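Below, chain A partners chain B and then partners chain C, in two separate complexes.
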Partner chain A sequence: MALTFIYPEYEVIRNSERCITCRVCERQCANEAHEFLAGIDKMVCDDSKCVNCHRCVSLCPTHALKITKSGNTYKQNSNWGGKYIDEIYKQAESGGVLLSGMGNPENYPVYFDKILLNASQVTNPPIDPLREPMETKISLGAKPQNIKRDKDGKLINNLPPRLSLSMPLMFSAMSYGSISYNAHECLARAAKELGILYNTGEGGLHNDFYQYGDNTIVQVASGRFGVHPDYLNTGAAIEIKMGQGAKPGIGGHLPGAKIVGDISRTRMIPEGSDAISPAPHHDIYSIEDLRQLVYSLKEVTNYQKPVIVKIAAVHNVTAIASGIARSGADIIAIDGFRGGTGAAPTRIRDHVGIPIELALASVDQRLREEGIRENVSIVVGGSIRQSADIVKAIALGADCVYIATAALMALGCHLCRSCYTGKCNWGIATQMPELKKRLNPDIGYQRLVNLINAWRHEIKEMMGGMGINSIESLKGNRLMLRGIGLNEKELSILGIRHAGE
Partner chain B sequence: MQKEGEIRIPSGCAISGILNKTGKRISGEAIIKSIAVMHDRSNGLGGGFAAYGIYPEYKNFYALHIFYDSSHVRKECEDFLERHFDIINLSKIPTRKIKEITDEPLIWRYFVTPLPTKLAESQLDESEFTVKCVFRVNTRIDGAYVFSSGKNMGVFKAVGFPEDVGRFYRLDEYEGFCFTAHGRYPTNTPGWWGGAHPFALLDYSVVHNGEISSYDANRRAIEMYGYKCTLQTDTEVITYIIDYLNRKKGLTFPEIAIVTAAPFWQTIKRMDKESQEIHEYLRTMFSAQLITGPFSIIVGFDGGIMALNDRLKLRSLVIGEKDDFVYIASEEAAIRIVEPELTKVFAPKGGEPIIYTVNETSERSGN
Partner chain C sequence: MKRVYVNEKWCLGCRLCEYYCAFQETKESDMARALKGIKINPRINIEEKNGISFAVSCRHCEDALCVKGCITGALSKKEEVILIDKERCVSCYTCILSCPYGAISPSQDGAIKKCELCTDSASGIPACVKGCPNNAIVFEERLG
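On to the complex of A and B.
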């Protein structure tokens, strides 16, 4: 192996007094970081192979393992941080684009963490969700301008097809191929039990999962992998993926190594071929083209399915959203720059796009100013980390949120950000048979259900505290929010006041 | 300190209403008597009345009641009115000097009808044209405030206890078939007459007790449709919601109750199929007009009155009936003082609209 200049970022610390050399760590590590030296009856470790996924840490029966930052430092330099130096070395060695997995980890502001929620005192009673009904049910889609009555004056239901969800949360797009069969099964079953929806991503829908169609959003991305009339008609809604928060401006990547067996069949592409989605949809070079695709999909599905258009949060997201709201789309999904992915060029992931909180606030406000906010629902993602983020997103104006990273974490993901290697030790972002069987769908789906039910309860408690007993009354209710440590401009974009005002 | 409209001021309150179902006109004395009983539910920082049927001789004209800070502003506003309306009559609203009511603005009344040329030019109907003009005055002419704009009805309000406000405006000298009243208990000093209640737009008037938690969701939604919430009060946004749903969208008052104080989904699920469909439709279609948090309101409209509580019934509201009269109040005492011998007394359930119209038998919906 050629000389590498990079010292391992993490160090595997083994407490030899606790280690019983059971070799679990060795068997569990697809990166082959652990090794048993039979001659001296000892476990050793190559830190350079460790991705810090915590599989060995979690499975070590005696808690003999932990992983720490290695602490090796270059000479201190405020301009040339260690990260930049390492990246130079890597690219000088490989000549390639740097790849990353999961969402932008850099130190940009997280606006959700600078927003505080309100609660009722004296003039208005808080409501106790344990004793009173607390409604989290929502419905997504377009609304007509006016009501209609028949000749007897009875109201006619003139609403276009809509999605009905038990709470304002859905599992965001993750393709079959980028994640495993078992991971998809977990998402589909959890969505069904929870009364919400999951999203196929751009890899088509495995035959086995057609039974969860009512809880499925089928995606149409620029690669059009696995798209056919049955697929479109099986889902409860169709999502056109124009962009993704982790990598605005480029399409999805799935290395050929992951295109095996059922995945190749489901995607309708040959085994082993890289699935590189084009950056644009080649039939959409402008907004009027988008309108044609929206209506083509509606034609195929006989106008029975709401159409979602998903975009990445970029600088002119408000104008784009306004265009989409007039394009026949029923729902706009906006993905913030923190959104996750299986693989993205590091530079794009870390430097392109804007925070979802700002994008959401300005899109919601803009659509209201144009009087077309009710034409569409807004779903936001990238990144929703816990239930208070959801409450804040709804109060800023979202109808619903998308989560994906959090869902994978419920399944075991430890955010090692190495999905693109295909060697996910947790059986999620891998197609290696011995790895993917590690994710037990019966346990995984239950963990998802647990997480979302816990969040639902927390949302109800926060709503109750505010004296709000229906999620509709939280939507866009920005008086329930106050900024903390934000400047005037940030407050004005978010449309909220500062704490104490 | 920020004035009302620049900041949101929550208030507790007393409300009261009287309606004669045959349209017989009575003096305003009864409503003053009723609201006075609930003196302790106000704190002297706002009181007011809406009176229906008081201007029969001008019943086809919009009666604009306007506060002015100065005669200079009045001139500016009257110029505006003259450019848009035919002014049939104008005068100061007669008041009685009493020591409890001070710092009054100039209070004027105009009976107007839109100028046909202006109306045609605007491509709006008469009522929408008038609403646009009212908003124009209230948002563009600093120091002028239109606080009543209906036909054959009028709002009278001030900073003070409601019974004093009634005497100040000589309400006992008016005769109407329907009155509502409000005593305000704001948690902050507004000190501005426009901030008192009732709040009215065209023939719709609302008196309200409560603090709605859905305020900003409702405000931001209704402002999409051309309404401007200049006061930041619950009553203002509720009035606009009712105007929007009734006048612009054509919902009936029982349907408005389903939208604003919607039954819970779990209740809807137990309904028969037809009502289920209607409830689901209305809740979905008008989800942004759902009002949460405590409220009791009395809505006055052309030819009737509606009493409505929030979906959990977090505010008191009692209704009494005797012969042709209907009484609605925050407390039963406020009814008994006017009519001790009631044939029927009841408290509506949360979200149950109680609607009475003139010349029709009372209808109780929701049961």
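On to the complex of A and C.
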């Protein structure tokens, strides 16, 4: 189509006073937005190619570049915002479903931002984490309902297999294929150094990463890619992925173009074939079916590995979680509607699912009421953005959180939301050799370790302020939370009081 | 001795090393002011072909052909770093012809130029190493 109605979304502003025409912007832009015009010795830019990933901005040695939203406006209309108009034009040109990368960016409430933490004053004095011990270690999995003794009165160890983590945080599922080999290496090495776990996603486990098995959660999803007994037995835990926060109710599709070399081998599918993960597991249509898969996986691994069932936070999440807690699963992972993805239909990402804070509070409450909370640990994800979100999630009843978007940001991701193009300028969501080498794992893993260690310090500070010296004492401690600007219904679902109460 | 090593696996061919090298030489505080409108002549250069790229600079060879061949004694080795005495250099370019790595180049000031490991910088870390965004250029001691 010769004519496009869409004006570039961003404008690359170049300060010609500072530009020394070193051309690093041109060399580093996989979208080929920058160009050097030798005749006039000048850099120019095609704004329509810019995805606002900030690679050029970050590498420009003289800070000559910045990117702004282009000022072009349609006639003011409170109903037809510019975004809706552009989307109509895009679909009228392409005839296709709109695709998006990363999490839901729309203006829905963020409940974490409407919850405040407590601190001790006078009575129950605060604890200084620099001077006194502060425990962030946690353990995940089912807990035995009662103590059993043998005929001599000695304790029988009836503890199911559990995961031990140095802090209540794990890297959530991102497949090898959706992200690069180097990104996986960063996550695996960081998880090992930090004493936490990362997750393979549905892409299998590359041979090189079997050495990190004790820090790996291996995922089994609807496509069953890369699943075999060695894989299952190598991980510290197995995750059955039923759903994903960014796209509840739909499956996944890694285009054949990305199924090359090691990725094809690791996924155990032919090169060039599309990797299609169906929306449902075709063998799971009930909790009883789920129970069969849970026990099949336990059987393969000799009942040595905890099984996680991951679901998206949807309207009836409490009933689903209640079923999962009775299915034999050891851990429930719930992914909120802000959760990230490499690619999702925009409408699904932006309109399906519910906030993780509400899902977490209501699941925790329901499992308590039904007396089955100890059957499972709860892990929540879907936009944990900083350490205070973790503290609030734990106080709402989570045992642990999952992060992925924040982890990728530590590796360089600038949330340009173009993962699905496969041309990630930061070497994360790409398989192009010249792009994936941009992420040197020696640098990336250290940045991840730095981020998580910084969060660990902050968590200790916040716990200390509340007079709490272990994560266990914070868990489900909703008295440490107060809502701000929330209505009665929201407060009652979250199970917290309003600030001032 | 610490030397500049290059790992082509991580070299992006972004050429920032060349610009940081040229900037370091100017002793200016602001890169834009220092290099605006100037065609740089850095002591480190990126070689690239077919998607492979790496930076080349003086390796400070143990048995350095450039030092051997220098007709005026302008090139000398001091504490394992090969230095150029600009006063003595007569620009005969024998060193440029004899260097197997192409790491020596002519300059505008009547003498050849080559990497001296930023021995005169405050931090002691070569500018190309500091400026490399992907740790493709490192400054370290290696055995053998």
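Simple rule for what comes next: the second predicted complex is superposed on the first by the 498 of 501 C-alpha atoms of A that agree within 3 Å, B and C clash if a C-alpha of one lies under 4 Å from a C-alpha of the other, contacts with A are read in each partner's own complex, and residues count from 1 in each chain.
Simple rule for what comes next: a contact is a pair of C-beta atoms (placed from the backbone, for glycine too) under 8 Å apart; a residue touches a chain by one contact, two chains touch by 3 or more.
It should be emphasised that the depicted structure is a prediction, and the values quoted were computed from it without experimental measurement.
S.K.: Please indicate which partner A:39 is in contact with in the superposed arrangement: first for chain B, second for chain C, both, or neither.
M.R.: Once the two structures are laid over each other on A, A:39 reaches no partner at all.
S.K.: Could you look at A:270 and tell me whether it touches chain B, chain C, both or neither (first, second, both, neither)?
M.R.: A:270: touches no partner chain.
S.K.: Tell me which partner touches more residues of chain A in the superposed arrangement, chain B or chain C.
M.R.: On the superposition, B touches more of the residues of chain A.
S.K.: So in the superposed three-chain picture, is A:61 touching just chain B, just chain C, both, or none of them (first/second/both/neither)?
M.R.: A:61: touches chain C, not chain B.
S.K.: Have a look at where A:229 lands relative to chain B and chain C in the superposition and call it first, second, both or neither.
M.R.: Neither partner.
S.K.: Tell me the contact category for A:147 with respect to chain B and chain C: first, second, both or neither.
M.R.: first
S.K.: Tell me the contact category for A:440 with respect to chain B and chain C: first, second, both or neither.
M.R.: second
S.K.: What is the contact status of A:22 with respect to chain B (first) and chain C (second): first, second, both, or neither?
M.R.: After superposition on chain A, A:22 lies in contact with chain C alone.
S.K.: Could you say whether A:467 touches chain B, chain C, both of them, or neither, answering first, second, both or neither?
M.R.: First partner only.
S.K.: Tell me which partner A:162 touches in the superposition: chain B (first), chain C (second), both or neither.
M.R.: So A:162 only meets chain B here.
S.K.: Could you pull out which residues of chain A sit against chain B in one structure and against chain C in the other?
M.R.: none
S.K.: For the complex, give me every residue of chain C touching chain A.
M.R.: Listed in rising order, the residues are 9-10, 12-16, 18-20, 23, 30-32, 35-38, 51, 131, 133-136.
S.K.: Would you tell me which residues of chain A are touching chain B in their complex?
M.R.: 120, 123-125, 127, 132-133, 135, 137, 139, 143-144, 146-147, 149, 155, 157, 159, 162, 368, 371, 373-374, 397, 466-470, 472-480
S.K.: Which residues of chain A touch chain C in their complex?
M.R.: 17-20, 22-24, 27-28, 59, 61-62, 64, 433-434, 437-438, 440, 442-443
S.K.: For the complex, which residues does chain B have touching chain A?
M.R.: 8, 10-12, 187, 210-218, 220-221, 223-225, 249-251, 255, 262, 264-266, 277-278, 281-285, 287-288, 290-294, 311-312, 314
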